[in-house]
Structure formats: structure tokens, C-alpha cells
Amino acid sequence: MKLSTEIEIRFSDLDAYGHVNNAIFFTYLETARVKLFRERFSALMQEGLLFLVVEASCRYRKPIELDDRVLIDISTEEIGRSSFTFTYLVHDGRGKEFADARTVMVCFDQGRSKAVAIPDDFRAVFDGQVEC
Amino acid sequence: MKLSTEIEIRFSDLDAYGHVNNAIFFTYLETARVKLFRERFSALMQEGLLFLVVEASCRYRKPIELDDRVLIDISTEEIGRSSFTFTYLVHDGRGKEFADARTVMVCFDQGRSKAVAIPDDFRAVFDGQVEC
Amino acid sequence: MKLSTEIEIRFSDLDAYGHVNNAIFFTYLETARVKLFRERFSALMQEGLLFLVVEASCRYRKPIELDDRVLIDISTEEIGRSSFTFTYLVHDGRGKEFADARTVMVCFDQGRSKAVAIPDDFRAVFDGQVEC
Amino acid sequence: MKLSTEIEIRFSDLDAYGHVNNAIFFTYLETARVKLFRERFSALMQEGLLFLVVEASCRYRKPIELDDRVLIDISTEEIGRSSFTFTYLVHDGRGKEFADARTVMVCFDQGRSKAVAIPDDFRAVFDGQVEC
């Protein structure tokens, strides 16, 4: 699976160094991820399935400035029974790479408040292709 | 009622101008307010009563820098049947005033999802004195 | 002057009530404002002119949810010698109004670190029409 | 080196799930880190030395709720010529561990805008003990 989405930078994302704050990169990943989930898996959400982040990491390569265009490509790296791994490339669409990142998520059933197997239709999207 | 509480500044509260971002002032007000509510009105919260902000305003006098100490004094300006007004002074405890602000709030019953009369014990605290 | 711009809601803008946090409304205003300034007044910015918020207020009418589309209309209410007032309407473009707001700003010269007269070309844009 | 500092949770740190948002954990790490730097290395800061985060990762073990007390222990894991690694334990001081994290930082000279060797007095603090 591969999805590419654009993030709108806010002035308040910049810190006193004049660059997007390092914690905000994870907000950008979440924004891209939630957009994907809502577009593709809104049904699951309604069934009370959550995807909890159990691990997150980011390598910062270049600072993001207010003028930069920011795109995030999400790919599936690994799909287990109840957990899966997303990898992210944060770039400007013109060859400048700001960061690459990774989140491990677990499919969680709110009702039973426990990790559950990833539904097949979810798995199908991951194994296939998503386009925006 | 008057309450004074200290706010911990975070580096990420600063924007590219090197001062606490203007929107963050409202986060500071909320932080002070929630602290008050949780200390004094936790019972109400458990009954499903919320205090929704219906109006908020702030006059910025001096920028807040990372080194500044920030205190917020909350006072009750007005108490109606279901709504009340808080006024805030944001200062450093040594005579420097960063801002004064005001929020109008409504007592809201989540269960019935409607505005309700302010409970008497809540009103009592407002009319009396709160100390921290 | 009137400008309308769209704001991209982020999951992290929502608070524990499941609605966009009240302080974030001011971040939305700033995001719309900065977009306007950068599009129209980038030259001024480069001359070291800032527009500092000295007053901000918002009336909350309807909560914003993750699914909502958010548009912000900015209008000039008043232009003085060195200060000016913007009014904002936060709505969904389909008649639902989330909030109206107001910010008073001052034209500030970083180099001389003092309030200065609003440049004529800036004033011209305000008196005229801006389209997006 | 080991430092322990407390973080003040804000209502706005919680997301729609009612827990501290996963990106905010990195804001907490930064808040603890900046506090350490300002207490110990303010002189360096004034010389225009920055510590840029080039890598950050976090493993989430337990959600943080508004009522939780949050402490962050920072330890030095590794010190190179111009880069160093901090490890963090986010816990409640009573045995509940919310997360453990890691950041790789580079000592950066703003004036020459390049990575530089870690100053000896900085290195000394790292090799020694810091107490709060």
C-alpha cells in the first residue's frame, strides 16, 4: 500500500528556531494517517476499532520552513496478526527529503478493550494499492 | 472567588518570533481553569457537567519569553443562572503583566446535552474565596 | 478587504470532548491571517515589518468536529494609523457558522522595535478587494 | 548523567481518545531536555550552540491520563565527538511506566552553521551526575 498526502504547515508549527518543531513531525504523520484511515476504513472506525500507536520513530534530515511544501508518503512495511508497521517519507515532492519515519500500530477493539486481529478488508487495502 | 496558579512554559509554546504564541495564551487560561475545576468541582465533573467556553478574549500587553515566570489569577466577574464569566490576569508575580483575559462559560449537562442551572455548591465557591 | 481560506483540521486539534479545542480556533485565525500576509505582503515581511496581535476575541457558536469543513473569511473592520482590526467568520461554506472572531493588530518595525504607520500599499490592499 | 523532572499535563495535551496524544510525548521529552540545557548549559546557549534532534523514537507502554503524575528521567547513553544520545523514561514515580524514548542530538554552531565538537564542560556534565 502506498498513499501520498499533503500537509498544510501552520505558523504555530514553527518553534523559536524558525523551523517546524521536531514533535510536530509526529503530528504530521498522524494527520496523514488519520486521513488515510478515514478515507479507507471509516466503517471499521464505526465498529469501534482503533489503531493505537505503540512505537514511533523519526529521522530528521532537513528542517521544514514555512515556505516549504510538505508531502507525506505512507507505505506498509509489515502486517502481523494484530499489529502493522507504517513507514513514512516526508518530502517536498521535488526531491527534498525532510524526514523518514516509522510507526508500529495495534488494532484495538474499544468494546472489548483488547488487541484484536486486523480485519481482512483492512488487510486487503494494505496488500493492494491505495491512490489519492 | 480568586485563584492563582503557575503555568509551566514549554519551548514549543514559543513561535518563530521567540515569544509565546498568541493562541497559547488561551491554552494557559484553560490549563489554569481546568486545574481549578478539578480541584474544586471534580464531583460535578463526574456527574457529567461540563463548562463550555462560549466566548473568550485576551489583551496582550507584554510578550512572554522562555525565561519568564507565568502566574494566572482567575476571578469571577459575573454569575448568571447557567453562565458565568471568569477574568484572568497573566503576570509574573513581580509586577509585570503579560495579558488580561476573559471567558464566558456555560454550565452544560452532557446527559441531557443542554445548558443547565449552575449547581449551588459551585455557586458557593464562586461567591466565596478559593485559595491555592 | 475580504479573504476566504480553508483550514485543514488535524486530529490533534480535537480535545478530550471530541471537538476542536477552543484555543485552536485562534491558531486557525492565525493560519488564515499568515496565509493572507504571505500572499499579499511578503515584501513588507522582508522589510522586517511584523503585525503583532494586541487583542483577540472569539465567540463560539457551534463545535467543530473532525468531519467538518472549515472556511475562514477575513474582513477589515477598521484601519488606524499603525493599528488595524480584522474580523473573522469561521464557517463550513454551507451556512453552518462555528464562530466569529476579531483581532486587533499593530504594525511593528523589528529594526526600530516600535509601532510604525501602516505602509500605503498595505493600506491599499485593505481598502480594496482581495480574492483567493 | 541522570536527571529527573516533572511535566505539567495540560487538558489540551489530550486528544479525542481522552489520553495524551502520541506526538505530545515528544513535546514532553523536549520540555524536560530544554529544562536540563537551560539549567546546566545556558552559557553554551549564549555562545550560539544548539543541540539539534536528528533522530527521535518512543515506545508507548501505557496511556497518560489527565490525573496522572508525569516524571521524565533523562540519561546519557552515548557521547560521540559532535553527537550524543539521550534515553528517557516517562513514568509516574510510583512504578507505572508510560513510555521509554531516545533522541540522538548533534551539537550545532549557529554562527558557522555546522556541527561542532561537544564542548568539554558539556561532556563533563554528561559523564558526571546531575541532580535536581
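Here are some notes:
By written order: A, B, C and D. Residues from 1 in each chain.
Keep in mind that, in the parts below, a residue touches a chain if its C-beta (ideal position, glycine included) is under 8 Å from a C-beta of that chain, and two chains touch if they have at least 3 such contacts.
Predicted, not measured: the structure shown is a model, and the values here were computed from it.
The greatest centre-to-centre gap from chain A, using C-alpha centroids, is found for B.
The interface holding more C-beta pairs in contact, when B-D is weighed against A-D, is A-D. Inter-chain centre distance (chain C to chain D, centres taken as mean C-alpha positions): 34 Å.
Separation between the centroids of chain B and chain D, computed from CA atoms only, is 29 Å. Per-chain Cα centroids separate chain A from chain D by 24 Å.
Across the assembly, chain C contributes 11-12, 21, 23, 27, 30, 66 as residues in contact with two or more other chains.
Contacts between chains leave no pair untouched here, as each chain touches all the others. Contact residues on chain D toward chain B in their complex (touch as defined above): 7-8, 10-12, 27, 30-31, 34, 38, 66.
Across the interface of their complex, chain C is touched by residues 17, 21-24, 26-27, 29-30, 50, 52-60 of chain B. Contact residues on chain D toward chain C in their complex (touch as defined above): 11-12, 14-16, 18, 21, 23, 66.
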